[in-house]
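Shared between the two complexes below is chain A, which has chain B as its partner in the first and chain C in the second.
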Partner chain A sequence: MDSVKHLRFDVAVVGAGPAGIAAALAAADSGKTVGLIDDNPAAGGQIWRGAQNVQRHSVSAVWLERLNKSAIQLVRGARVFHAADGELAAESDDSAIQISYGKLILATGARELYLPFPGWTLPNVMGAGGLQALVKSGLDIAGKRIVVAGTGPLLLAVAAYARKCGAKVVGICEQTTRPRMARFGMKMMLVPGKAAEALHFAYELRGIPHWTDCWPVAAFGNRRLESVRISRQGQTSEIECDYLACGFHLIPNVELPRMCGCQLKNGFVDVNEYQQTSVAGTYCAGEPTGIGGLELALVEGEIAGYAATNWEDRAKHLFPKRARYQTVVRILKAAFPLRPELKNLARPDTLVCRCEDVSHERLCEYTSWRAAKLHTRCGMGPCQGRVCAPAAEFLFGWQIDSVRPPLYPVRCSSLAAIPSHSVPRN
Partner chain B sequence: MSESVSVRVNGKPVTVRAGATVAVAVLASGATCRTSVTGQPRSPLCGMGTCFECRVAINGEPQRRSCQVLCEANMEIEANG
Partner chain C sequence: MNKPSEVVIVGAGIVGAACAFELAAEGLRVLVIDEGFPSTGATGAAMGHIVVMDDSEAQFAITRYSQILWDDLCDQLPAAVEFDPCGTLWVAADEEEMAEVRRKFDYYRERGVNAEILDSQQVRDAEPRLRAPLTGALRVPGDSVVYPPCATGFLLQKARELGARIIHGRPVAAIGAGTVRLADGTVLAAAFIINAAGQSAPQLSRGISIKPRKGHLVITDRYPNFLRHQVVELGYLKSAHSLTADSVAFNVQPRKTGQILIGSSRQYGAQNSTVDESILARMLQRAFEYMPDLNSLSAIRVWTGFRPATPDKLPLIGPSPEDPSVLVAAGHEGLGITTSLATAKLICAQILGQRPAIPVQPYLPSRQMTAEAHV
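Let's look at the complex of A and B:
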C-alpha cells in the first residue's frame, strides 16, 4: 500500500503558477510556514512551464529563483482531489498526502476552452496553449506546419513561440471581428508594459497571416491531422498542416474553490479587496477571480499572501497596482466574446465528451447537464467534465453547478487515507 | 541543457532531451497515446494535465497522464493508440 504523508502549514497555497508563487513568497515574508502544492512536475504554472531552461534575469527566472531560495516547501506532482474541514487530500505518484493548514490560498489557474468541431479529436489537433505546453516540455516542432486558431491574445503568443521554435505558422484564425481586434490593440496600449509586448509580438509575427472572422470548420486526416478546413469571412478553404493549435480563450479552474465552499460570481471566484473568498481564511488569486494575465496574477497573489498573514497594510499598498491591471480583465472580455456561429460547428455525430465518446446528437436529447450526465455518461470520464462541461455550457446554455469529490481519478489507497471526519457525507 | 534521455515506446527506442515529458516521447515515436472507448486514436489535447487524453502505461502502471510525467532513462512506455 502507498505511504500516507501528513503535512501541516500555517499557509497552504494550491497552484504554483505566478499567482501561487507570489502568494507563497508574500506569506513567507512573515516567517510563517508555507506549503506550495502543485500537480505539475515543476513550479511555474503553464506560462512559466519549462522556464528552468530560459535565460536568467527574465521575469520568470527572478520569481523562480526567489522561490528556490525561500523556506517554502514545494509539494510537486500532487493533485488535490478533496477538501473538507480545513484539510486537503492530495495524491502524488507514490503517496497519499493529507494537508492541514491555518490559511488557504487557492491559485488554481485557468485552462483553455475547447469547442467541438468535426475532427477535433484527431491526434495533433491540440489546444493552442496545449501545443505550447508540449513544446515547452520538449516537443520538437522545427519545420512543422502549424495553424493556430480560436480566439484571444494567447493565439499570438503561441504563434510567436512556435515560429521561434522553428515551426512554419501557416496562419492565425481569430474568430473575433477586425474592429474588435483593433479596439483591443488600442486599449491594451494603455496598460503598463503592454505596448512594448504588442510591438514585440507584431515584430515576431511579421509575415504570418492573421485572419479575423475566421475559425476552423473541420479537421481531416487518417489517424492523425492532415488538413483543416477554415471559414474565413464566410468563405471556406482547406489548409494542409501538421498541427492545429486551437483554443477559444481561457476558463477558470474553479473546481477546488467550489469544493472549499467559495461562492462564485459570474463563473469566477468572488473575492473581497484582500482576495479573501466567501469562506473566512480562504483566499483566491489569479485567473480563477478573472482572466487577466500574468501581471494581475502576480499582484493578486502578493495581496492574498500578505492578507493571509495579517499584513493588511502591505496588501493595501498593492491595491492601486492591482487596479491598473484589472482593466485587462475588462478589455479581454469585451474583445473576444464567442460568436454564435461557433455553436453550429459540431455535427450530430461530432463528439462533445472525449472521455466517454458522447456525441452532440445524444446530448441534444436532454435539457440539463445533470440529465445528460446521468443518461449518457457525458462528463463522467477521467477528466471529470473539465473539457466537455464548459463546451456544453456554451453549446446548450446549461448550468454546470456541482462538484463532487474526488476532483480527479485517484487510487483507492488515497481515498482510504482520508481521515473519517472529513469523508464526504453526501 | 544538451543531455538527452532514452526511453522505449512500445518497445521502440526513443531519445528526447532531458526534462522532456513522456507525452513528448510518445509523439516523437510516431505512436498515438490511447484508444478511446469507441476505438478512436487519441493524443494530447491540453498538454497540462487536464484532459486525460494522453494516458499511457509507464513501467507497467496504466492510466498515467504522460504530459505530467518526466522521462527517466529506460522507461518502458506502452501507448495503445
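Let's look at the complex of A and C:
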C-alpha cells in the first residue's frame, strides 16, 4: 500500500507555469504559507519547460530565480486528480497526497487542440507545442525539415525555436486569411512589448515562407512522416519533410476548475476583477480564463495571489496592466477563428480517438458525445478523451460530459485514499 | 406513410432492445422510443454480467433461461459486444461461506447448471492474484460477460433489420389506453405498449414500485491476463441482501480489452450521480483485501449508475396493474443485462397468447399490489 502524505497551505496554487509562479510569489509576499503543485519534475509549465538551461536575465530565468529564493513549497511531480470539500487529492510516483488549503489558485494552463486529418497519427506528426517540448527535453532536430502548420502566433514561436535548434523550417502554414493576418499584425503593434516581439520573430524567421489560407490536408509516410500535402489558397501541393508540427489553438484546462465547482462562461473559467471564480476563496489565472499568452498570465497570477491574501490594493494596482494585455485575448480571437474547411479534413477511416482506434465514420452516426463514447469507446482510453473530445467538439459540435474523478489515470490505491468526509454529499 | 405500429416500446435500454428484437422477429410492427440515445441509462452504466443467480427459485428460473438464450445468440454477436465466457468464481473467505459454496453447488447441480467446488489450492491456481489463503470457491463456467451498450446496439440493429423503427431524443409524457403521448404533443396509437423505461417506469405506469439503487464502478487501464474469471465474494450475499444500508462487495471482471472492471457498491436513497468518495474508497479497500495487486493498477475512469430495484428483487414483467394494454418490462435491478432476453420472451408470449418457457406469475407487476395490501 502506498503512503498517504498530508499537506496544508494557507494558499495552494495548482500549476507551476507562469500564472502559477506569479500567483505563488504574490501570495508569498504576505508571509502566508504557499504551496505550488505541479505534475512536472520542475517548475516552468509548458512555455518555460527546460528553462533552467537558458541564459540568465531572460524573463523565465528571473521568475524562476525568484521562485527558488522564496519560501514557497514546490510540490513537484504531483498530479491533482480530484477536488472536493476544500481538499485536493494528488498522486506522485510513490504516494497519494492530500492537500488542504485556506485559499486555492488554479493555474492549470492549456493544451493543444489536435485536428484529425489523414495521416495525423503517423510518427513525427505532432503538436507544435509538443514538438517544442520534445526538443527542450532533448530531441535533436538539427538538419531536419520541419513544416509548422495551424494557426496563431504560436506557430511563429515554434518555427523560430526550431530554426534556432538547427532545423530547416520548410514553411509555416497559417490557416487564417491574409487580411485577418494583416489586421492582427497591426493591432498587436499597439500592445506593449508586442511590436518588439514581432520584429524579433520577423528577424528570426527571415527567409522562411509564411503562407496564409494554408493548412495540411494529409500526411504521408511509410511507418513515419515523409511528406505533407497542404492546401494553399485553394491549390494543393506536397512538401517533403521529417516533422509536421501542428498547432490549431490551445484548449484551456478547465477540468479541475469544473471539479471545484467553478462556473464557466463560453468555455473559460468565469472570474471577477480579482480573478476570483464563482466559488468563494478559489481563484483562477492564466489560459483557463482566456487564451492570452505569457504577459497576461503573469499579471493575472499576481492579481490572484494578492487577492487571495487580502491585498486588494496591490491587486488593484495591476488592473490597468492586465487590461492592456486582455486586448490580446480579443485580438487573437478575432484573427484566428478556425475555418469550416478544417472540419472536413478527416476521411471516413481517419482515426479521431487514437487510444481506442475510433474512426471518423463510426462517430458520424451518433448525436452526442456520451452516446458516441458508450457505443464506440471513443475517449475511453488512458488519455480520457483529452485529445479526441475537443476534436469531436469542434467536428460535431458536441457538448462534453461532466467531469468525474480521477481527472488523470491514477493508481487504484490513490483513488481509495481520496479524502472522504463523514457527511454524505448526496 | 408508415403504417401504425402494433407495438410501441418506451425505453431503448437493453430490455427495450431485447423486446424489440423478439417482437420484430415474430413479425410485429415495432417502434422503439427513447428520451435520449439507446443505452445511456442504467444499461450504459452496467457491468454486463450474464450470470445464473439463486436468491429465489424465480430469480434462478429467469437468469438460467436468459443465460441459455445468450449462449444461443453468442455466435452472432459482433466483436464489439465483447462476449467473454469467462465464468464466475464465487469465493469463500471462511467456513460459513464455504457452506454456502456447497449449498449453491447442490442447488445448481440439481437444476442442471454446471459448477465445481474448488479448494484453497485450486482457487489459487484458478486466480493467482487472489490473496491466499481463501477457503475455497464455486466455479460456474457457464457465466459470461458482455459490453452492454454494444449488446444493446446489436439487438436494436437486429430489430431494425426485421423492420422495427427506433426513434431517440423524444421523451414520452404519458402512456395508456392504446396511446403513447410524447412530450412534444405527438400522439401515437398502438395495440400494445411496453413500458421498458427502467427507473422512470413508475412515472408512466402508476401502481408499480421501482427505486434507484446507486452503484459505483472503476475501470483500469489494460492489463491482459491479470484476471481470468469474473470473481465475486460470497460475502456479497450478506451485503447485497440489505434493503436499507449502504454496502460494498468485491466483484471484479476481466474485459476483452484487457481492462479490469472493479465493483461493487449499493446505496439506497442516493439521488445524485456524483461520485461518493467514501463509498468508493470502501469499495476499493474491499477489493484490495481480496486481490491486493489491484491497488497498483492504473484506474482510468470511475462512474456511477442507478439500478432499477424492486422490493422483492424480481423484475416486473407483464400487464400494468392500472392499464392492461400496457405491459411493463422494468425493474431488473443489477441483472438487466442477463435477464433482458428472457424478459423479451415472456413479454412476447403474453402478447401472442403463447405459453412461456418458464412460469410468468412471479414477475407479474400485479404482485406488488397484493404485497402492498399486506403491509
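By definition in this document, the second predicted complex is superposed on the first by the 420 of 426 C-alpha atoms of A that agree within 3 Å, B and C clash if a C-alpha of one lies under 4 Å from a C-alpha of the other, contacts with A are read in each partner's own complex, and residues count from 1 in each chain.
The definition used in the following text is that a residue touches a chain if its C-beta (ideal position, glycine included) is under 8 Å from a C-beta of that chain, and two chains touch if they have at least 3 such contacts.
Only a predicted model underlies this, so the values are computations on that prediction, with no experimental measurement involved.
On the superposed chain A, the two partners chain B and chain C both fit, without a clash. By the touch criterion defined above, A:111 reaches chain B but does not reach chain C. When both complexes are overlaid on chain A, the residue A:406 reaches chain C alone and has no touch with chain B.
In the superposition on chain A, A:186 makes contact with neither chain B nor chain C. When the two complexes are overlaid on their common chain A, residue A:224 makes contact with chain B while staying clear of chain C. With both structures placed on the common chain, the touch criterion links A:418 to chain C but leaves chain B unconnected.
Touch criterion met: A:366 reaches chain C, while chain B stays clear of it. Residue contacts after overlaying the shared chain place A:84 against chain C, while chain B stays out of touching range. In the superposed model, A:138 makes contact with chain B only, not with chain C.
In the superposed model, A:375 lies in contact with chain C only, and not with chain B. The vertex angle at chain A, taken between the C-alpha centres of chain B and chain C once both structures are aligned on chain A, is 80 degrees to the nearest 10. Minimum Cα-Cα distance between chain B and chain C in the superposed model: 8 Å.
When both complexes are aligned on chain A by C-alpha atoms, chain A residues 381-382, 409 touch chain B in the first and chain C in the second. Across the complex, chain A is touched by residues 36-40, 44, 149-150, 153, 168-169, 218, 220-221, 262, 267, 269-272, 274-278, 280-281, 284-285, 287-288, 294-303 of chain C.
The residues of chain B lying in touch with chain A in their complex are 1, 16-17, 19-21, 23-24, 27-28, 32-33, 36-38, 40-53, 55, 63, 67-70, 81.
Across the complex, chain C is touched by residues 1-2, 82, 84, 366-368, 370-371, 374-375, 380-382, 384, 404-406, 409-413, 415-422, 424-426 of chain A.
Here chain A touches chain B in the complex through residues 39-41, 46, 49-50, 52-53, 77, 93, 111-112, 114, 121, 123-127, 129-134, 137-140, 223-224, 354-357, 381-383, 386-387, 409, going by the rule given at the top.
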